[in-house]
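Each in structure tokens, the structures are laid out below.
Here come two complexes built around chain A, the first alongside chain B, the second alongside chain C.
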Partner chain A sequence: MRRSSVHWERFLWVALTISLVLLVLPQANFIVLSFHADTGLGQVSDELTLENYVRLFIDPFYLHAFWLTVYLSALSAGSALLLGFPAAYALARIGGWIAPAILGLVLTTSLITIVVKLMGLNIILGPLGMLNNQAGVLIGLVQYTLPLIVVLLFGVVQTIPVALEEAAAILGATRRATFWRVLLPNARPGLVSSGLIAFNMCMGAFTSAVLLGGGRVRTVPVLIQQMIIQDTNYARGAALSTALVAFVFLLNLIVVAMISRSSRHAH
Partner chain B sequence: MAKVSVEGVSKSYGDVRVVDNVSLTIPQGEFVVLLGPSGCGKTTTLRMIAGFVDPDEGRIQIGDEDVTHMAPRLRNVGMVFQHYALFPNMTVAENIGFGLRQHRVPRAETAARVTELLALIQMPTRGNSPISALSGGQQQRVALARALANSPRVLLMDEPLGALDLKLRETMQEELTRIQRELGVTTILVTHDQHEAMSLADRIVVMAHGRIQQVGTPDDLYMRPHTRFVAEFVGRNNFLSGRLEAAHGGEALVVLNCGASVRVPTRPGLVPGMSVELAVRPQHVMLGAADGITARLEERRFLGNVVHYAVRLPSGDMLLMERPTQAGLPEPGCDVVVSWQEDHAHLFDMQGDALHEA
Partner chain C sequence: MRISRSWNPMLVPKALLVLAVAFLLAPFIVVLGASFDPATEFHVAFPPRGISLGGYETIPWRYAVATGVSLLVGLSVAVLATLVGTAAAFGLVRGRVVGRETLQAFFRLPVQIPFVVTGAVFLQFYYQLAPLTGVNLLDGIGGLVIAHVFVAIPYSVGSVSAVLARFDPALEEAAEILGATRWGTFCQVTLPIIRPGVMAGAFYAFVVSFGDVPVALFLVAGRWTTLPVQIFQDMQFDFRPSMLAVSSLVAVVSLIAIFGVQKLAGFEVASAREGGKS
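Up next is the complex of A and B:
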């Protein structure tokens, strides 16, 4: 008997082809470049080499850049979670028309291009001495990720019925005990995955680091840009970028594995 | 375990008076059911006793203590929530022991109490199970055990059986009755299901539009409804419009819209001429008496142990009649004479208040 179902997967081909041409092919080319020695002016030699990667691992300059990127990303993701959770909790519990209205505003601000937002921050942070240093970049990264964090955590809190908190209260739990024993454990998977998304965004954040760091806060994305545009060292830049992607990907895999293991453990 | 008294309690949200001057005294150990359609204020009343809703007016006492504005965690009441609200991050035993832990009960004592409660709910081996591994009925039992762990003064239940299927609900009703009798804990349960209310309650509180309509034992409500609302909501009833033709002592003569005159027992002192509604239950409608109302059987529905007939009266009014299933039941389409015993009918005025002896 012939089934008359629609083959929806056919519609994937258009998007897949566009992605292949615009993303995968240039990246593949980039990865190939990273395994050749740089001969100056954007040219590479023919023979294969691991030299570019070895340099990343032994040169303190690059190691520090990686450390700085992870440090700033983790700190800003953590700050965004701390700032975003109470707001998301309040929005999820208020209900009515106020919560969707405020969420709409939050989403709208996140659609304003980051350049415009950073220019505004520039004006405020300059006189405070928080421009062209790590503090400035950190503030920029938090501003960049906070709206998304609030929206994501709003969804997380909504999945935790308010009856759970009432049940804890009527069993004698204080607000503090309810937070630590009921709210936080049930929000944890959502907190981890939202934090990871913010962390990933920060790891690749170039605009905030450049505009608020003034070129002095050299995170990996900033170095990649300098390497390719200023030094025209395509091979080194490619290695740096490949290493960044691989590092972030690996970190995500580890966290996801840890989450699924702890949730399996709970069952 | 303690008595509960609610005195003149009201609550409004905006312009809507959700609970309107509700007063109720529940003696120690009684099983009371708040019954009413959705939006009648029963859940808000329960949540005010729990402490989740702050009353605008009135007073709530548990035992001799005024708890009107006391935080829920200080009230020592147990509550079973509509969808159980078990903590998904804890095992069955951790859920049941949660309240004891909050009250700093020593570990060994907590473990002993949890074992005891697991036995009470007949799940002695499931202490280490995660909540997600339980069926709906089991979650229900765990929620009950958790609510009872602190030996609460009052047990509150908000539509606790609503999420279960019919068979399981009946089993759980028996179980609830057994546990409540065994512990003698004062219990207040909220439901919109009249069968559930009648099977569980010592006393039922019928609510509508934020007010108490009637408080009484299940058979009280069924046999002597104080308002038209109770007569309609508890069990089934037919309502026929008519006019009070004459009243004498404890009896009235009513002329129904279909032209028939019927006698109904009432309280004395009624004034003839008023419009009234007569209520008669489907199973009290009889066939074949000589001095009844001639009517036509229109439809028949076979329901197993009983048969329902839709009966059309000469006025066009429809009457539901229930007969036990047996051989030789009349066919739809034929003309019959219907009647009922005088004392099976109730009379209400147009405000919906009963005109029989209270």
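Up next is the complex of A and C:
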């Protein structure tokens, strides 16, 4: 066995070292920064303090920003699922050459830089009175996540055999019953995980929120940028960023725990 | 096999599919259409009231410069992220490694951090680094390239790992038995087989870098502004018809490039998403 003499893991150590340096050093520096008090003009105090985090929890301004971000993210992830699931279902069942062609087209729209898409949405939403408000941001977020949702759910539907639906129909199930009792339970894990991915993307969405919210829809990512670039309050911005990442991480843990618990009950 | 009723059960899903595709294409169609409108100042009209190339003729030079910067950054990021990501993938798939799944999860971390946060994190890091090393990474594109490489590595790790996992090691053994050197085997057997994965990873690395606003917004300024950041800033503060022309060009060129690259590199975007948003 000559092949075992190649130490492939050495390549991993090189890549891992680079990735660790890029992740740990900047993040650690940033998190330490969030525990200092801002003293104005981009300077911070020498001593450590929890003040930045305490402000996030007691100041209604930040609490509202967090609530708004969660609310818009959940609503747009839900809307993207409602539109994306039937679309992916139709695509998977059509099959043939046309399904991959449409899928490629859908995905391509998400590969072109988002500012072009947002410019088009600006033109469309302006006359409809949906610019510089939450409705506009919501539409923008659905645009942001829908391509990925369709691609992911296409894969999910493909794994559910048509025969299952046909069998249910032959056994006398109505279309509605087939949908609720056969299709949905089979697609559920895929729906939950794609919905979660869409939600996470929206929680960090910056460009859509700025360009369609016109600075008036202050989600957490928008605030982070304002705080660091306009207010040069680096410490508070760092605390807000750290809180956002921790919050999204915790939320994901909770959802995953809930799913594994409910699926254990089901069996 | 059809249990026929008065209407086709596929009608609603198909109608929603058409709606979804129309919804996703509408912004691009509107930008393309409006770019030919003869307006000259702060006015956007769709459908266009006439055909004019005025928007295209008045594209300011700074957009050409910004495009050059974006291409330079994107290509550097694609090369560097592919080198690191491919090395990681070989180690992860073939190496004797403990905690493989933990390591795989570690390599996916960068895409789970919001881009705004990544931008802010690297900005502060470069601020701290400058007085210590004397190198100001915010002056030029070096700092942006490093931050983008950080974000793009997961795409490369994911897509190379996927092809490597399906790779049949017997092919390499055969080559070596037939007398090929290890390097020869790698270049003539391994590399051609994993090429679609490597190219797909590089492609996504480029796409992420070329399209990014939130990270670049923190890390570039002045002469080194990237194209999306330039458009982003002009959209907020200085909207002109030429921006519609620039955006139309970006959309059309991107579209052609995406299809061209897929054909040349032999992969499909629709199936190459494996390393993406985990």
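In this text, the second predicted complex is superposed on the first by the 248 of 267 C-alpha atoms of A that agree within 3 Å, B and C clash if a C-alpha of one lies under 4 Å from a C-alpha of the other, contacts with A are read in each partner's own complex, and residues count from 1 in each chain.
By definition in this document, a residue touches a chain if its C-beta (ideal position, glycine included) is under 8 Å from a C-beta of that chain, and two chains touch if they have at least 3 such contacts.
None of the values given here were measured: they were computed from a predicted structure.
Of the two partner chains placed by the overlay, only chain B lies in contact with A:Ala177; chain C stays clear of it. Once the two complexes are laid over each other on the shared chain, residue contacts for A:Ile102 go to chain C alone; chain B is not touched.
In the superposed model, A:Pro161 lies in contact with chain B only, and not with chain C. Applying the stated contact rule after C-alpha superposition, one finds that A:Asn186 touches chain B and leaves chain C untouched. The wider contact with chain A, measured as residues touched, comes from C rather than the other of chain B and chain C.
Using the contact criterion defined above for the overlaid structures, shared-chain residue A:Val150 touches chain C, although it does not reach chain B.
Legend: residue contacts after superposition of the two complexes on their common chain; A:Gln27 is shown touching chain C, with no touch to chain B. Residue contacts after overlaying the shared chain place A:Ala169 against chain B and chain C alike.
Common to the chain B and chain C interfaces on chain A are residues 166, 169-170.
Within the complex, the chain A residues that touch chain C are 2-3, 6-16, 18-19, 22-23, 25-27, 29-30, 33, 83-84, 86-87, 89-91, 93-94, 100, 102-109, 111-124, 126, 142-143, 146-148, 150-151, 166, 169-170, 175, 197, 200-201, 203-207, 210-211, 221, 224-225, 228-229, 234, 237-238, 241, 244-245, 248-249.
Interface residues of chain C, counted against chain A in their complex, comprise 1, 3, 5, 9-10, 12-14, 16-17, 19-21, 23-31, 34, 44, 46, 84-85, 87-88, 90-97, 103, 106-107, 109-110, 112-117, 119-125, 128, 146, 149-150, 153, 157, 169, 172-173, 176, 182, 207, 210-211, 213-214, 217-218, 227-228, 231-232, 235-236, 243-244, 247, 250-251, 254-255, 258-259, 268-270, 273, 276-278. Touching chain B in their complex are the following residues of chain A: 161, 163-164, 166-174, 177, 181-182, 185-186, 266-267. If you check the complex, the residues on chain B that touch chain A are 50-52, 71-73, 75-79, 81-83, 85-89, 98-99, 102-103, 130, 132-133, 146, 149-150.
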